[in-house]
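In this document, chain identifiers A, B, C and D correspond to the written order of the chains, with residue numbering beginning at 1 in each.
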Amino acid sequence: MGILAINFKAYETAFTDTAVKIAEAASKAVTLYNNVRVILAVPSPLVYRLSSIHEDLYLQHVDPVEYGSRTGYIPARALEHLPVKGTLLNHSEHKVTIRHIDYAIKTIREIGKEILVCADTPQEAAALTHLKPNMIAVEPPELIGTGIPVSRAKPEVITKAVNAVHRIDSDIPVLAGAGISGPEDAVKALELGAEGVLVASVVMKSKTPERSLIELAEALSQ
Amino acid sequence: MGILAINFKAYETAFTDTAVKIAEAASKAVTLYNNVRVILAVPSPLVYRLSSIHEDLYLQHVDPVEYGSRTGYIPARALEHLPVKGTLLNHSEHKVTIRHIDYAIKTIREIGKEILVCADTPQEAAALTHLKPNMIAVEPPELIGTGIPVSRAKPEVITKAVNAVHRIDSDIPVLAGAGISGPEDAVKALELGAEGVLVASVVMKSKTPERSLIELAEALSQ
Amino acid sequence: MGILAINFKAYETAFTDTAVKIAEAASKAVTLYNNVRVILAVPSPLVYRLSSIHEDLYLQHVDPVEYGSRTGYIPARALEHLPVKGTLLNHSEHKVTIRHIDYAIKTIREIGKEILVCADTPQEAAALTHLKPNMIAVEPPELIGTGIPVSRAKPEVITKAVNAVHRIDSDIPVLAGAGISGPEDAVKALELGAEGVLVASVVMKSKTPERSLIELAEALSQ
Amino acid sequence: MGILAINFKAYETAFTDTAVKIAEAASKAVTLYNNVRVILAVPSPLVYRLSSIHEDLYLQHVDPVEYGSRTGYIPARALEHLPVKGTLLNHSEHKVTIRHIDYAIKTIREIGKEILVCADTPQEAAALTHLKPNMIAVEPPELIGTGIPVSRAKPEVITKAVNAVHRIDSDIPVLAGAGISGPEDAVKALELGAEGVLVASVVMKSKTPERSLIELAEALSQ
C-alpha cells in the first residue's frame, strides 16, 4: 500500500472551494486505487467542512497542552472529539521540542489516533524513531517548495532515513518529501524504500489539483 | 447594546456536543434579546461545525503570516474565507508582540472582519488603542478563572481602562473580563462603563451552560 | 545632550578585540564631547570584559523572569548585580510581548537602572509610552541595515514618533534608528526632534569603527 | 575521571560574589582531586568575570544563529571568541528543537568547543545520541529542584539512559541529574553507570556552597 499524504499548508487554496475539490478527488482516488491511502493534512478550521467528503484527514499541528483554560491552542487530546484520523507534527515549517513531540505521541496513541512526525535529515528521523510515532516523513528543508524532488536530487537522504529508522524500529513507515513534482518522483521514492510521499505544492499550487492528485495516487498504486 | 463574548478556550466542552448546545443557546439568546450581541470565540476546528447554528463566531487566535508555504498556522487573511466574524488576539493565555497585533489588525480591517484584542491592565489597553482594534477587553490575569469578578474585586481596572482607551479613541468599545461569575457581575461591568463582558468558565464549566448563557444575555439586555 | 546608542548586535566584531577598541573609542568620545552620551549595547558575555573600559553599557535583551531555577535566561532584576547602566528591549530583531516589556520596565525602574525600548512605527512608539520606559527608539524595520537613513528616507517617521510620544509623556526622549550611515544623518535626526540615534552597522561593520564612532559623537555634540 | 557539572541557573547567587567564591572552590577542587573535572555553567554575563578564576566554564544556552544583524542572541559560533570550554543546551528549563540542537552541535564541534545536551528521559537521551553531542545529561524534570535524587528515586532512569546511549554510541559520556543532594547521590550515580553528575541547587542554594562543591568533587574522585 502506498501512502499519499498531502499537506494543504496555508496556501489560499487550502481555505477555498479548491480545498473541497481536492477532498473530492482524494475520495475518488481511494475508490479507484484501493491499495493507496490518501491523507489530507488540512488547516484546522477546515476539518468539519471536509470530513464529510474525505474521511482520512489530519491536522497540521497540535499543541502540548491538556484541556483547560488555554486560548488559541489545540490540545493533542482533543483529536478524540474531532473527525480526523491524526495529525502532522514537527513539520519543517513548525519545529517543536522533543518534549512536545513525546507528549503528543503518547497522548495521541492513548486515544487511538495517529501521528506523523517530520524530520529534516536521516539523523533527525533516527532520533524521532525512539519516540515511537506512527509514521516519519523525511524532508530536506532546502528542497521544500523548490520543485527539485528529493527522490532525484538527494536519493541517499531517503535510503539513509529508511535504514536508520528501520534499524531501530522496522515497523515505522517512512515517507519521503520535498520537491516531489509528479508521479515519477513518487514511484522513485517507493523504489528507494519509502512507503509513500508527503507532498504540498504539486497539488496545492497545481492548475489542475484534482488531476495532479489522481496521477500521484495512481503512481503509488503500482 | 450589550456584548456577551464567550471564550470557549480549550475546555473539553469546547470540542463536544456541549459546544453545539452553547451555540444553540447563543442563537436563541440573540432572538430573545435583540439588543444583545453574543460572540462565541471557538476552537479553530469547530468553526464549520458551529457556523450553521450561530453566525457570530470568532477564532481565538490568528497568526501573523500571509498565505503560502506554512504548516499549522492560520493566516490572519484567511478569515476572508472562513464563516467567522472576527478573532480574538493577545489573550492573557496567548500573548503576542505589538508587531503581530499591528499586522493582524491591519489585515483583518482590510478584509472587513473584526478583531478584539485583550489587555492585562489599563496601561496595556491604552497602548493597544493606538493600533485601532475593533474592541478591547481588559482582564487582570490574576483573576482569570478564579470566580472572583473583576467588576467587584477591581472595579477601578474597568473604569481606568475605559477612560484610558476613550481618551485616545472614544469609538472603541471596552469589554471587561476575568472572574465574571453571573448576571450581576455583567450588569456591574456595564455600570462601570464597559460595553459588555468577556467570559469563559461561567459558561464553559457550568453544569447548565445554556441557562448560564441566557442569564448573562438577559442581564446585558437591560 | 545628544545620545549615541550603539547596538553591537551579534556581529563577529562584537565578540573580538574590535569590541574592545570600540569601547575605548566610546570612552574617548565622552571625554572629547562632554555633552554627548555614548551607550554601548553589547552581547551579554562581553559585559565584564568591557565595563572597565567604558562604563555606559547596556545589555541587548533581558528576560521576564525572577531569580531562580531557570537556565539560560537573564532575569531583568539581575541588572542590579551587573556592571551595566541598563538594557535594550523589544528590538526589531527580538520582539516581545507587552506583558514582557511591562514587567521589565517595572523591575528595572525598581532597581534604579534604565531601559530603552524599540518601536517599528510611531504607533508602536505611542503604545510603548504608556508603559513608561526611560527612552524609546523608533526604527522602521525595512530600513535596518540598509544604509538608507531613516532621517532622510522617512523623516516623517521621526517627527510623528516624537510627537506621538510627547503628546503622552513629554519627558521620554526619542532616538531615531535604521540606516543611519554617518554624521549628517545623526544631525538630521536631531533636527527632526530626536534626542539621539541608535546605530549598529555604521560602526560595527565600518573599516574604521573607532573613527566612525568619534565622528558620530562629534556630530551629536553640536 | 568523574565529572561534576554545576549549573548556576539564574539563582541570585549566580550573579553575586557567591559566584566568585564557587569558581574559586571549583579551581581548588580540581587541584585537590586531579581525576575530577568541574564544569561551571554560568550566566552569560559572568563569563569574563569568572574565566580568570576557573577555566572550565560553559554557557547555559546558545542560539542557532550565525554572526550578523541579530540583537540579544548568542550565536553558537561566538564560543570561538569567548573564554568558555563549551555550552549546555536543551536543558529542561530551556527546551529547543532538534534542528536547533543539530545546528549547535555541528557548529560547536567545528570550532573545537564542547556541547552537553540535556534529556528528560532515556528515550530523549537515545534520540539526542544520533546528533553526536560531546555529553548527554539525563534529568527527570519532575525531580529537578526537589532534593529527591534521581540516583535513589529513579535509578532505572540512569541505567536505561546509559544503556540506550551506549547502544548507539559508546563514546558519549552520560551524566545524571535532578535532585542530587550530596556526595552519596553522586557516588550512586557513578555506580549506576553515569560518568558524573549535573547539579544546581545543592551548590547554588547551599549555605556553604564552597564546601558542598568540594564534597561532591571528593566523592567523584573515588
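Please note the rule applied: a contact is a pair of C-beta atoms (placed from the backbone, for glycine too) under 8 Å apart; a residue touches a chain by one contact, two chains touch by 3 or more.
Source: prediction; values computed, not measured.
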| item | value |
| --- | --- |
| Chain B and chain A - chains in contact with each | none |
| Interface composition of copies chain C and chain D: same or different, split at half | same |
| Length of the line joining the C-alpha centres of chain A and chain C, rounded to whole Å | 45 |
| Centre-of-Cα separation between chain D and chain C, whole angstrom | 34 |
| Rounded Å distance, chain B centre to chain C centre (Cα mean) | 37 |
| Residues of chain C whose C-beta touches two or more other chains | none |
| Chain C partner contacts - residues on chain B that touch it in the complex | 90, 95-100, 102, 119-121, 123-124, 126-128, 130-131, 164 |
| Chain D-facing residues of chain C, complex | 7, 9-12, 15-16, 41, 43-49, 59-61, 65, 67-75, 78, 81-82, 88, 91-94, 144-145, 200-201 |
